[in-house]
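A single structure is presented below for examination.
Should a chain be cited, it is by its letter among A, B, C and D, assigned in written order, with residues numbered from 1 in that chain.
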Amino acid sequence: MSERAYKITVIGAGSTYTPELVEGLIDRHESLPVRDLTFVDINEDRLQNLTEMARRMIKAADLDFTVTPTTDRRRGIEGADFVLNQIRVGGQPARIRDEKMGRRHDVVGQETTGPGGFAKALRTIPVALSIAADIRRLAPDAWMINFTNPAGMVTESLLRYGEIKVMGLCNGPYGTQVQIARVLDATPERVKMDVVGLNHLSWVRTVYLDGQDVTDRLIDMMVEGLRDHDDSFDASLIANLRMVPSGYLRYFYHQQDVLAHQREGGKTRGEVVWEIEQNLLEQYRDPELCCKPPLLAKRGGAYYSTLAVSLVDSIANDRQDVHIVDCRNTGAIADLPDDVAVEVPAVISGHGAQAITAGHLPWSIRGLVQHVKAYEELTIEAAITGSERAALLALLNNPLVPDWSTAQALWKDILEENADYLPQFTRGREAVTA
Amino acid sequence: MSERAYKITVIGAGSTYTPELVEGLIDRHESLPVRDLTFVDINEDRLQNLTEMARRMIKAADLDFTVTPTTDRRRGIEGADFVLNQIRVGGQPARIRDEKMGRRHDVVGQETTGPGGFAKALRTIPVALSIAADIRRLAPDAWMINFTNPAGMVTESLLRYGEIKVMGLCNGPYGTQVQIARVLDATPERVKMDVVGLNHLSWVRTVYLDGQDVTDRLIDMMVEGLRDHDDSFDASLIANLRMVPSGYLRYFYHQQDVLAHQREGGKTRGEVVWEIEQNLLEQYRDPELCCKPPLLAKRGGAYYSTLAVSLVDSIANDRQDVHIVDCRNTGAIADLPDDVAVEVPAVISGHGAQAITAGHLPWSIRGLVQHVKAYEELTIEAAITGSERAALLALLNNPLVPDWSTAQALWKDILEENADYLPQFTRGREAVTA
Amino acid sequence: MSERAYKITVIGAGSTYTPELVEGLIDRHESLPVRDLTFVDINEDRLQNLTEMARRMIKAADLDFTVTPTTDRRRGIEGADFVLNQIRVGGQPARIRDEKMGRRHDVVGQETTGPGGFAKALRTIPVALSIAADIRRLAPDAWMINFTNPAGMVTESLLRYGEIKVMGLCNGPYGTQVQIARVLDATPERVKMDVVGLNHLSWVRTVYLDGQDVTDRLIDMMVEGLRDHDDSFDASLIANLRMVPSGYLRYFYHQQDVLAHQREGGKTRGEVVWEIEQNLLEQYRDPELCCKPPLLAKRGGAYYSTLAVSLVDSIANDRQDVHIVDCRNTGAIADLPDDVAVEVPAVISGHGAQAITAGHLPWSIRGLVQHVKAYEELTIEAAITGSERAALLALLNNPLVPDWSTAQALWKDILEENADYLPQFTRGREAVTA
Amino acid sequence: MSERAYKITVIGAGSTYTPELVEGLIDRHESLPVRDLTFVDINEDRLQNLTEMARRMIKAADLDFTVTPTTDRRRGIEGADFVLNQIRVGGQPARIRDEKMGRRHDVVGQETTGPGGFAKALRTIPVALSIAADIRRLAPDAWMINFTNPAGMVTESLLRYGEIKVMGLCNGPYGTQVQIARVLDATPERVKMDVVGLNHLSWVRTVYLDGQDVTDRLIDMMVEGLRDHDDSFDASLIANLRMVPSGYLRYFYHQQDVLAHQREGGKTRGEVVWEIEQNLLEQYRDPELCCKPPLLAKRGGAYYSTLAVSLVDSIANDRQDVHIVDCRNTGAIADLPDDVAVEVPAVISGHGAQAITAGHLPWSIRGLVQHVKAYEELTIEAAITGSERAALLALLNNPLVPDWSTAQALWKDILEENADYLPQFTRGREAVTA
């Protein structure tokens, strides 16, 4: 249907994920022809490294689209058809500080869930909104696809305040689909999932194989499997819940185990990723390398290439097919307000993502989702207004923060550790420190 | 994906529409292989006629699925994979009586809108529910596709009380899509419509061409066209409404013209169709005829074949694509209760139709939709319970019935004219005739 | 509790109702001490007449609060504690023109319902909002009580856009309570009513006598009474509806009778009132008259004095008692948006009116209420923005306007007849006259 | 208004609270004349003790209503006008076991909040429903006032499944009102509170003094006071929250302090109350004692007499005044379903409690309320069905239970400790113990 070739701009292109994305664009170049792939990053060294890596991959595929690196975000965005946002404000070091801060206070220290995700949201949302401001001015018809975590809150702030076309994407649900397919001994395409919830806080309520409800069978098989090898969730939890939880729900459902493990010390996930990334960046420098290296699989972004490019393709070609994305609720989940972001199956077409109606959440998950959404609203408010009051109340509302004294202590720490990345809180202080 | 061949049962197969459907099944036999096509009708002559016509068509297409005629509904339903409901309780004569009753009381006399549609609902809903009862017992996994009018109310009563898998289909929205495509000089496939409302009471809020919003341009073009040739709606109405109304909205928006035209006498639409049908049935008897005759196009069911078979195919092959159907609201239209039927774009897969979120209706149509929905609820209640009180209150709530005295007079007439088809009202009379 | 004396300002004090109000204030002066009663009107003659009448009444009651007449609205509002709004933009002549316009087009011609109420809303809402602007500046803590019709739409526009403390009051529900008490042979105080709906579009769902539900008994008695003497509603209507409708519902439920009566010609209600008013104004000029004359009872504002003053008293003395008022819905009626005005029992205290939860409307009235509310929203939009498109769509959505051609014809007439009172539509014309 | 004298039945009349109640009935005997006060209890000794105490009080007041003790609940309920439910299934010993179980698992061990409240709900709800069954049969017009904790869940189960007239009452909000009045140096009557939430999980959003909003002033004064003497909440918490939380919110907001205090050992609140009660029961045996002794004030039911009797009086005399009670939500709190119990200001009349609309909860409390409500729904389901799955999921959803392993351990303990009181779980075990 589409006859044009696109300008696709990647913000944060210095990410080690980028070759995944390039591979995806190469694979789908027939239905999604690329004119120019613009790479934006503030780290010149990584920008150059990834640009060359991408060019080698494209050349090896015998394709001819250009890769344009730039540290000037505005120039990069100008005239783009799609803007892929994969920034990480403060880099892995900021993430590692978040993780360690959690450990210090004996609460879950994690990238996107708990106080770590809170700190990341405060650092990231203002930058995401400034990117949106550039898009409004320089590429007002462009679609932004946001992968930056915490993807739910970042996407919601863009949906509410960005005044651009945007949807958010996470590879988590597809990971679950692959896992379920494996249990059912089927290809992922034969599996359809009724997923409900928020980003990193979602559950598969019903599983269909070739259109038939196989949830009970699947749950029984999963429980059987977990009984032998209890690696993520207790068999008894799944047996009672009778839904498939996102892996991130481990931080809630098995909080004590997570804390016990944290107390043992050892490297944080951020530290592990950091080492993998240094190694990957080194590999990318190899002028002989022209396809993504096996190590990338350990980085954690499995299926990123497939999903992101497939989503762009659905928009570009007005496909009206179903993807699980982060989008405006608009009544899809009856227990949440209309204007918040949810992670549910949505129809993707040239005019965006429309959530499919999901009805009421079961009581067994409704309260947690609503509680976390309240925390998210307060976090977004804090990120945008720089209100310490909102920040403190956000932390108080995070179910992984046990109480007010912990919230206060965490907030003191977060402010200090992120001084360079939270200008909104130093400009005008309205917090009440009674 | 699917490897099995299906048993498809058509209730009311003596309809002159049936060759449309057969053509559709022939065209799509590769993705939707049919094992047996069972024809059920209470009219043996028409059943035989259509069965032979269908067999000739299938043979001419060099296909081998059987056509099994039966007047025993239960036998016909037993083991079916799909049950297509296209009954007409009381036949065209009952419809013609409805139309004439409207004329007598100087209110809109029409098949599905106004008091005619009310009478048809009372005749049809109990029969539809008895078909559902057969399906529950004899083909519990079958999907019913309901085409029988008033499709919204019949489908809603099945969704609420039928305890079967069911969705409703109307060819109206696709007709509108074809019309819009013609105005835009594009193929219908390039057009996507944001349709909202109820069956025969819907509006296209937004029109997309290749994913781009072209509503304003389209409305301007339509207004221009209507100014020259005002055949359905006043140009000024469309110019102010800025949406594309279903053709049936003419009965509301141009009620005075409709009444003036009625007062002129002349044949009713039912009488015209009746003649066409007699002619068609005669043609079908021709042992040489093995494809649908041109006259069928005048019968009024354009695209029926494409739409119905495509819908069955989406279910059978778990396609997860978008069709405009009559299905459970579940919050799709925020201004209506969850458990009513609406006509909106929905995702069709092996597990059914899930409405896509549509948000709030604009105020310019919200009240009318809510008013008609209240009328529909009361009508369904009357049809099921045989409550004359509900029947009278339903008529009072139909916006085409001016007031209580008209409602009373109409009800008296409807009861008399439909004595044979409304046993629920004669069994136990609870109406209050103060 | 309260020890202060109040300044109460009456806008439109030249109304013949005013002695009612003065009587009420005299009767309740102990709990509601008045410091100054300021009368504002644009008609100096009537202002003077009513001022002197009021002074005589106060003197006869041996009270000492001042009556201050002024044609300067701002001066009148300055420092007020309560502002009672009883203006009539265009006076009775404008109302009479509205009534006659209805007759010309053979639609209901009435002060507040149908196109007459629509025209009145367009004339009145901008003036009400300009009074609100004065209050914001000159008496920001004042409460406005709005009696001006159409009280529902005027109050809603003030609630939404006035940024003042406001509630609306209509004497209709209390009139119904008195009527019901009479049927039950009880004092009105023993009767409690579960009233739901909008101003002039409400129903008593349940009637309690000394706390006991007596609805069925009451309905049966009313039906019996109506059978003998069918003066307002058909006995059969009430028998089936099983609720007590507001008298104004006659325009919907017995539209044909109303139209038949209109066609007979005869004086309009406005013309009758006009004559009574001239007579009353003449009586008020009598320097011997120091209490309200019997003729006032025919004017139509029964109980106005009791209700208005009692409401002011509840606010002034923070009584937290229940009155039926026009106030923000906030979920009281589940089938309407939060921010619209409804007419329901509300708790009145020093901080205003809070609606009591009423749940869902029965289907037998839900659709009509929602339809009329849609019409009201479009009317308010038209009144404020001067959008002819909104005006036309509002008329199209009034259930008493049969269709688009009637809406167009009415709008042409309304604009012409009210040229002096609708500056918002002549300043900037955006209507589409295709 | 009322001329009859009432039969009031107290279930659990052996409670040490009972003299409070008797005092209240004596004080208000003019507007609420009592014919017979029936005392029901399963403990004959306490029943006799309290009966004699009550008789002495009534005699001392020179009144003549009878006190009828009985251990036969059915006889006690027969013909009652009001049934006051103040049972404690398992008595203080069960409560003390709940508290200690909390301590063992290092989670909050408390009567109504956390897993203690959960165990109490499971013991109590079936008994409350069996009382309702008796009322349906033997006193179908009676009103039940429930004081039994956890009052929110017990009342909700009665509202949903009891099929009787019922509302719940807690003295907590009035205690807060008295406290606020003290800070404002005013009588409680001058204070009105906008309270929202659930029983033992509520906040005063706005405080009015003589109808004026004084929230900011009050909060500032409270913060000042707390800075000097931090006895319940941190000053900084109140300063940021800017609402007045129920004292029970300390278990959430200062969970760590509560746990630290628990770890110190010492008597539980139940043990303290137990001793007070033994002492009180001893005092009640004194044939000279004819008024409630000072020690009762330490028992914890302050204002119980005033509130309970005042509520009964409002119903009996159809007062339509405002009380803060536990009643059906029906949209009062927009963020909760219609059919759950909430604790909000409601209008009390002869036909019951109707919640006043409260709109949306602020985000700072919304999530916690919704989370606890989900826990409550699952708890009620478990209590009624005896589903271990519901029980486990309820515990998992209690924000004071950190995770699944804790939920499992608690459940095991609760089942063992309450074996005699949880027949619903031993009759048919459907839990999944993977």
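By definition in this document, contacts are C-beta pairs under 8 Å (C-beta built on N, C-alpha and C of every residue); 3 or more make two chains touch, one makes a residue touch a chain.
It should be emphasised that the depicted structure is a prediction, and the values quoted were computed from it without experimental measurement.
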- Message: What's the farthest chain from chain A if centres are computed as the mean of the Cα atoms?
- Response: C
- Item | Mean-CA-position distance for chain D and chain A (Å) | 44
- Query: Between chain A and chain C, what's the gap in Å when you average each chain's C-alpha atoms?
  - Reply: 55
- Considering chain D alone, which of its residues make contact with at least two other chains? none
- Message: By the document's touch definition, which label belongs to this structure's chain graph: line, ring, star, complete, or other?
- Response: ring
- Full enumeration of touching chain pairs: A-B, A-D, B-C, C-D
- chain C residues touching chain B - in the complex, by the definition given at the top: 223, 226-227, 234-241, 252-257, 335, 363-364, 366-368, 370-375, 377-378, 381, 389, 392-393, 396-397, 399, 402-406, 408, 431-434
- Sites on chain D touched by chain C in the complex: 1-2, 190, 192, 206, 208, 210-213, 315, 318, 320-322, 329-332, 334, 338, 345, 347, 349-351, 354-359
